[in-house]
Amino acid sequence: MSDLVVEHLEVRYGDLIGVADVSMRVDNGQIVALLGSNGAGKTTTLNAIAGLVHASKGRVTWRGEVISGQPSYQVVGKGLALSPEGWRLFVSQTVEQNLRLGATALADRTRIEALFDRVYRLFPRLRERRHQLARTLSGGERQMLALGRALMSEPKMLLLDEPSLGLAPTVVESLYDTLLQLHGDGLTLLLAEQSIPLALGIADYAYVLQTGRVAIEGKATEMESNRQVQEIYLGIGTPTELQR
Amino acid sequence: MNKIPALSPTVLLAVALLIYPLIFSGAFYLDVGVTFLLAAISASAWNIVGGYAGQVSVGHAMFFGLGAYAPLLCYKLYGWTPMAGIPFGIAASVALAILIGIPTFRLTGHYFSMATIAVAELIRIYFGTWDLVGAAIGLQGPATARGWWDLTFRSELPYYYIFLTVLAVLLSFTYLMERHRFGYYLRAIKVGERAARSLGVPVQQTKIRALVLSAMFTSVAGSLYSVKTGFIDPESGFGILVSVQMVIIAALGGAGRLYGPLIGALILIPLQTATNTWFGGGGTGLTFIVYGGIIVLIARYEPGGIYDLWEQISPRRWRRKHAS
Amino acid sequence: MLLLQVIVGGLLLGAIYALFSSGLTLIWGMMNFINFAHGEFVMLGMYVSLLVVMYLGGGPAAFGFGAAFALFVLGVVVYLSLIRYVLRGPMLAQILSTFGLALLLRYTAFWIFSANFVSLPQTSLSGTINVGGILMPIPQLVAGVIAILLTIGLHLMLTCTTIGSQLLAVSEDRGAAMLMGIKPDRMQALAWGLSAGAAGIAGALMAIAYPWSPSVGETFGLTAFVVVALGGFGSVPGALFAGLIVGLIQALSAFWFGPIYKDIVVYALFVALLWLRPQGLMGKA
Amino acid sequence: MKGFRVLKAVAAAATAFTFYAAAQTNAAESVKIGIIWPLTGNAAAAGQASKAAAEVAADIVNNAHPELGDLPLAKTAGLPNMGGAKLELIFVDHQGNPSLAQQLATRLITQDKVHVLMGAYQSSCSFTATAVAERYGIPFMVGESAAGNITGRGFKWVFRGTPIASDYARTYMRFFADMKKQGKKIDSIAIVNENTDYGTSVADAIVEEAKKANVPVALRIPYSASSTDVSAQILQLKEKNPDVVIFISYTADSILYMKSMNNLQYKPPMVIGDDTGFSDPSFIPAVADAAQGAMNRSAWAIGKPGSTTYKINEMYKAKTGRDLDDTSARNMQSFFALADAINRAGSTDPEKIREALTKTDLKPEQLMMGYQGVKFDETGQNILAATYLIQLHDKSYELVWPDNAATAKLQWPMTGGKN
């Protein structure tokens, strides 16, 4: 049975359409990649799943429960955490405060220390800088903090929106190592990426979005050789997120 | 289809305003009518910069006050007809608009509102200490008219039609402005300054022009006030309530709409008059409890102003909006 | 010596400005919302103090807490019943709602307590102490010191506690805060409670030394706006410094140029500063 | 047009209400007095107190009060010359807004058909409201506004019962002259005035009279009545150290001054309050232990138990729970003068009432105030209006000047507070 099922999702921003029709599923323990050019609707899809924007049509089901229509502060409590595009850290607060905020939805408060420990073991840099303001961190450190913060709610599934954007190649590499490690620990991942080789390198399954619809889907291994995918990226499809 | 429904409310409104004095000929109702017209003029003047350009000034009393002082000052100093002061009021207001527009328009949002409040308060306090303008005691107009040119009438009727004419001029001007390129510039600025700039809109210049136009008409409103009342002091010219009333009337009716301020005044002035008539003599403060309560309810349930409500319930507009 | 005396007086008053402005700056920074009824919260704090003294016979500590608690509850109620609905609306609807609220609160107090001026009966705080020739009236001294401590306390609460961290998170990025599992509505209600509560205590502190009537809030409201804009919207330390500075400027200009010029000087400096540094003294650039 | 219907409905409702109000009383037999005061806004406290005073005055005229001695119209019920007609008061609230005062005067005259008008506390509102009365030819009694030029604008229909700014100033100068004769040192005075029309006009008058009387004004400090801190002013005074400080202040600020002077240990030889704030019933309880010996201008004195004024105060106190203050008492006195003129006119005809007003000649024993009488000059100003000086002894004011009326001995210098 699939953990996450998205059926015919549509999101409107006033008269603008962010996502026209997206259906997808993520199975327990999978890594699923969500591909597409800038403006194809990746971010909107993730935000709709996490409850940050409202679906105007369609529905999202998580482990048998319909979660579309629920606000994100409820969704996160069900084990589904989103690390949003651009990380959106609380830059005027310290590293530790950011992490603690990540644990807000945690039902079992006694787990906090263990979770801090896990994050600090994963990212020793964050332990060193735990009293520093988030705005003083470097790009790579910010990514670590964003990931760590999302992990603090002890999610079953992690939604990551363009985690590698704007990072140096070596930093991206270690990020993906970490993701694989987390996956090994049993975390399900839904990963939105612009960079195809990176995402397909670790994903089991992939969806390609174009103008707010699923254009192609398939096993990651098959996708890598699919010509259509390449075409989409060469700009045959137009970005339409802001189109009527 | 578009032209007729847009025209007929205007005609109805014009006829209604023209014949109001014939139906309500009592001096008190005429005075309420005059008060209503004055409120509509001030709020419509504010609307140019506050509504159309979206620059919420909470200090428009500075122009109102300058306009109000000028006629009575001319009368006091030189014994001229108060009418002679109106151009001086406009000139002073335009100068002030340019003077404060250049620096304050660099500020956005609440900072602009705060700066306008501060400037208006500054002028109010200063006028309260300035002997030439009567300091705290204020200035009086002619006690009895020397002739028609003193604009000191026994009846309210001439004031009513003078004010109505000014309102008509102002609204026609605004109507033309809406359709002129300048009007599009203003709307672009209201939606987003950065986007407007990227579309080639001269943002700073447009905002200052809007403020100057708004200041001119606000100044005229102030002159009309002091000529009709025959008295002005710092509080009734520059008081913060004068500014706030313009904002409230425009917001209540619908800011950035041609008839928004008019509709706002149509609601607020009778409301003020009615609550004061019914509860004022009791002295319990019920006047303002009811008045404040109604304002809160409107803000709570109809944040876009009454004009929005009207659009929602008007089936013709509804259909048009959803046809596209 | 005389000058030093003037400075001390200005700072003590400025401390109270700081306290009630810190409440205003909190919701201003967090929700980008102008509250025209903030001065009315101060006024209600004064009346609550009077009620506590008259009917419960409490001392300064009791009426301070009473005012803080009553106004906290009022702030939350106001948020839940009114503000949350206009928060997303146009700025004009916000002005409309809080201006209407100000009238409603002012004249409800007027109805209940009449227009007459009242003052608190002599409390246990009275007398003057003399520190090296500088006279400090004990009520003002206690009020000023408590106000500074409470403002610092509010700042520490925001920066050092989990709940404060959650409040700031909502003000910084509402969406991201929701992703953490924070309910913004609850935090904003809390912010309104804290804001009104701070105003309430400030009212209680003013009431010790100052007679008042229902229209007293008007004056405080305008002062608070200037302090908040000077200090930077949303900055509690900014409000503290700006409050002290405004108190000081008022006292000095009243002494040097005469009391009618003190507001002129404050407004002129304020306008000048806005031009030079639009984000305020300590605001985020 | 929808909005038009709303306006019409409101207007209709207002008309209906007016008819309803009119139907409730027997219009033919009563004299309608329209009274315009600030019942809300910043000056509401004064307006409310004056409203209660006018209601007491109407009660005295309308019902038989033989216990009140020579007070005109007290013995009889109603106006004897008009077959016992009653006075009917219609109060309206101008909120301190001159334009609204104008509109309300119009309403009272044209809708409520009042026979006479009274008002309007703030000078600004008196200016505009009296102009309407003049235009319609309705007598207007200015109860309390101090600004000099309310009368003297060539108006025929405006009368003022109260003394005005220049009267007060002359009183102070006569008092100083008296004191100098007794060997008190008055080499310089200071004036501290709130900066709206009231404080400014009184302070201007004092400066002018002081010049004539050769009393140096060492310092004049205008300030805003909404100040929350007055220590800077007190330190300025302390620096100049004048012999007498005159405060022209409203309520909150006068209390603040007395408290702060005590706190900052400043005590001039004498403090004189110019009525208003010093006469507010809130003043004494708030500063009794800080302002002992402070003087106050007042034409009103409660008097000894059993006196007419004492009885009036008891009636007022039963209604409001507070003592009658000077401001309200002056309004009340103006009201009596107006009622007396209406009675003598024997008619509600405005012209007859106006004529009766010009012939008013009330003697001191017919008054509740310490005036030398009520008699209007051709501008409408009461030329016999005068004032006492009273002094705070323990928890009440005692009349200390002029000597012939004094009930207690003047203390000079003042004792101030505990500090």
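Letters A, B, C and D mark the chains in the order given here, with residues in each chain numbered from 1 onward.
Here, a contact is a pair of C-beta atoms (placed from the backbone, for glycine too) under 8 Å apart; a residue touches a chain by one contact, two chains touch by 3 or more.
The structure displayed is predicted, hence computed values, not measured ones.
Trainee: Which pair, B-C or C-D, has more C-beta contacts?
Mentor: Most C-beta pairs in contact, of the two: B-C.
Trainee: So, comparing each chain's Cα centre against the centre of all protein Cα atoms, which one is closest?
Mentor: C
Trainee: Which integer distance in Å separates the CA centroid of subunit B from that of subunit C?
Mentor: Those two chain centres are 32 Å apart.
Trainee: Using Cα averages as centroids, what's the distance between subunit A and subunit B in whole Å?
Mentor: It comes to 52 Å between the two C-alpha centres.
Trainee: Where the CA atoms of subunit A average out and where those of subunit D average out, how many Å apart are those spots?
Mentor: It comes to 75 Å between the two C-alpha centres.
Trainee: Please report how many Å separate the Cα centroid of subunit C from that of subunit D, as a whole number.
Mentor: That gives a centre separation of 36 Å.
Trainee: What residues in subunit C touch two or more of the other chains?
Mentor: Touching at least two other chains: 107, 110, 115, 260, 263.
Trainee: Could you say which residues in subunit B touch two or more other chains, in rising order?
Mentor: Each of 125, 128-129, 285, 287-288 in subunit B touches at least two other chains.
Trainee: Pull out all the chain pairs that touch, please.
Mentor: Inter-chain contacts occur between A-C, B-C, B-D, C-D.
Trainee: Okay, in this complex, where on subunit C does subunit A touch?
Mentor: 162, 165-166, 168-169, 172-173, 175-184, 284
Trainee: If we count contacts the way the header does, which residues on subunit B are in touch with subunit C in the complex?
Mentor: 56, 58, 103-104, 106-107, 109-111, 113-115, 117-119, 121-122, 125-126, 128-129, 240, 244, 247-248, 250-252, 255, 284-289, 291-296, 298-301, 303-305
Trainee: Can you name the residues of subunit D that touch subunit C in the complex?
Mentor: That would be residues 39-42, 44-45, 47-49, 195, 221-224, 226-233, 235-236, 238-239, 251-252, 255-256, 259-260, 263-265, 280-282, 285-286, 289, 322, 419 of subunit D.
Trainee: Looking at the complex, which residues from subunit A come into contact with subunit C?
Mentor: Result: residues 50-52, 71-73, 76-77, 81-82, 84, 88-93, 97, 100-102, 104-106, 149, 153 of subunit A touch subunit C.
Trainee: Over in the complex, which subunit B residues touch subunit D? Could you list them?
Mentor: 9, 12-13, 16, 20, 23-24, 26-29, 31-32, 35-36, 125, 128-129, 135-138, 140, 143-144, 154, 156, 225, 229-231, 233, 235-236, 263, 266-267, 270-271, 273-274, 276-278, 280-283, 285, 287-288, 310
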